[in-house]
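The block underneath contains the structure these notes are about, expressed in structure tokens.
For reference, chains read A, B, C and D in written order, and residue numbers begin at 1 within each chain.
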Amino acid sequence: MALDITWTKAWIARSADVISEHRTDLTTLDRAIGDGDHGENMDRGFSAVATKLADLSADATPGDALKMVATTLISTVGGASGPLFGTAYLKAAGAVAGHEELDGADLVAMLTAARDGIVLRGKAEPGDKTMIDAWTPAVEAAATALAAGKDEVAILVAAAEAAEAGSAATDPLVARKGRASYLGERAIGHRDPGSVSSALLLRAAVDATTD
Amino acid sequence: MALDITWTKAWIARSADVISEHRTDLTTLDRAIGDGDHGENMDRGFSAVATKLADLSADATPGDALKMVATTLISTVGGASGPLFGTAYLKAAGAVAGHEELDGADLVAMLTAARDGIVLRGKAEPGDKTMIDAWTPAVEAAATALAAGKDEVAILVAAAEAAEAGSAATDPLVARKGRASYLGERAIGHRDPGSVSSALLLRAAVDATTD
Amino acid sequence: MSVGLVVVSHSAKIAEGIVELAGQMAPGVRIRAAGGTDDGGLGTSFDLVMSAVVDADDGDGVVVMCDLGSAILTAETALDFLDDELRARVRIADAPIVEGAVAAAVAAEVGGALAEVVDAAEASAAAS
Amino acid sequence: MSVGLVVVSHSAKIAEGIVELAGQMAPGVRIRAAGGTDDGGLGTSFDLVMSAVVDADDGDGVVVMCDLGSAILTAETALDFLDDELRARVRIADAPIVEGAVAAAVAAEVGGALAEVVDAAEASAAAS
């Protein structure tokens, strides 16, 4: 399928579904090393996003849809993940502004802009046990797949898989940003919730290609 | 008159009256360089003290009465002056514990202990634009009067006059303790409210000798 | 006219309490609370921050006080969405929220300029 | 069992908000509010501090967080009136009240000893 507005809307709808399904898991993770609201925060945000999906105009581009996600998350999430994902989607929208259909280079540009937006906002580095530890490997894997001449779906698959692996790799880390940083060594053995939701969102992008 | 429990009770009753009379003035001073509650704080405290005066047992000593003042102020004032004056009266009570009648040496010991209590609690030094700037000259003047062989009333008069002069001398100072310290140079030209109430209390001690 | 203050806390109660406490020593300063989420829970609200900043500004600028890290993220995001003219006179103080807000409020009350109010807030971190 | 916390603020709202906020990350810690005067005004209350300290103690000690200077004076005075046994395990942290309380609560939640909880609170002043 072409990665056009139909795909973008499917991705967003699936994102809302998958966040809703994992709401409790995400909150459980956040209860261990945070304040126990990441699932509620993300679900509040993506429920609002899902409601607005129908309001997108008929000629909306993928960038327009991503911008709607950005502003809605910023206004509704209520936790650190709101400004962080909000900025990610905002920068992603900017990277593909005006494009009707996204090719491989667009995807890599979009993912890179999203990751850079999170870093700009949150100042986290790789290894700080944050969502960046899902996003940075995702960006790198997508770029590698693009350079290897892979198609759009393969690029999205590479990104999702790398995000999942990056998220799992947060388990042994000590957190240096966000609430988990209060815990010091006690954060070891727990997965960063924001990295898990990030991986879920990137997996939804893959799944939306078969909708 | 002998400086016994009758005098002590008269001093306390006069203190409550004079604080009540100057309630608005004290608050106005505190509004200029603080949070505008010193009059209410002191009046709340001394009204409670006045109520408890009748409850003192028939064989109460001056020290017992001062201790009642201390605990009552600590429990009711609600501002910095509560723990500060509370500690002053507590230490004053300790300095004359068991004495039925106070002689000149007792008065100097009492005033010294009161001042030292305020310093212990608030860590202010002379010149910091606090109530210490009334108490320290008062203690010194009382000690000088005692050394010069003056009687009890003269010692109390010396203390009150020195406290009044010390309070007036806070006008040109910059505050280094308490809320007025937030104001920097802007505190210059304003009198420290706690030094004014201190002088009022010491003047009440003089006036109580003629009750 | 004076510099205004916005208090961004995860708790509506904390933000409101700070507005009262700081206001006691600075009756002439526009101090606005942006505490809690839109529905009153623990968290921060972009929309509350936006409207508080607009409301606190009187032309002399606004200093924003935040509690935990995610309050700073929300405040910074809000700044990005302000029009350039207002944004140019908004600062986020790197200061403890209660102690900093009181110090900043007093500095604003006595006519301190934007940078002086920020400095007053930030110096409060050093005081005990 | 864990170290308990007492939050001494000039504002009942601030103290209650901090108890909720810090409690979110430390559900197992006894965190008690001592905010405002006895009659709910702005100021501090010796009696509220005394009962909060007694209530927060579970045998492992109590860390007291204060906002402005007069809250510290009230807390120190309260400590003087505690019996020696309890007083020996009470500490007043030199830390910003909101940021310090959250850090202290987490340190207490994970089983930190009295000195560790104080250190966590005081280190929060350095963090931005």
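Definition applied: contacts are C-beta pairs under 8 Å (C-beta built on N, C-alpha and C of every residue); 3 or more make two chains touch, one makes a residue touch a chain.
According to UniProt, the chain labels map to these proteins: A, B = Dihydroxyacetone kinase DhaL subunit.
From a predicted model like this one, the values you see are computed outputs, not experimental measurements.
Between B-D and B-C, more contacting C-beta pairs join the chains of B-D.
Set against the Cα centre of chain B, the chain with the most distant centre is A.
Centroids of chain A and chain B (each the mean of its C-alpha atoms) stand 65 Å apart. If you average the CA atoms of chain B and of chain D, the two centres end up 30 Å from each other.
Computed from the mean C-alpha positions, the centre of chain B lies at a distance of 39 Å from the centre of chain C. Inter-chain spacing, taken between the CA centroids of chain C and chain D, is 25 Å. Multi-chain contact residues of chain D (touching two or more other chains): 24, 42, 68, 102. Of all residues in chain A, those that touch two or more other chains are 35, 37, 179. If each chain is drawn as a node and touching chains are joined, the picture fits none of the line, ring, star or complete shapes.
Taken pair by pair, the chains that touch are A-C, A-D, B-C, B-D, C-D. Partner chain C is touched in their complex by these residues of chain A: 35, 37, 41, 74-76, 78-80, 82-84, 86-87, 121-122, 177-179. On the chain C side of its complex with chain B, the touching residues are 24-25, 102-103, 106-107, 110, 120. Taken together, the chain A residues at the contact with chain D in this complex read 34-37, 179, 182-183, 186. The part of chain C that touches chain A in the complex is made up of residues 37-38, 41-47, 68-70, 73-74, 76-77. Within the complex, the chain C residues that touch chain D are 9-18, 20-21, 24, 35, 42, 67-68, 94, 96-99, 102, 125, 128.
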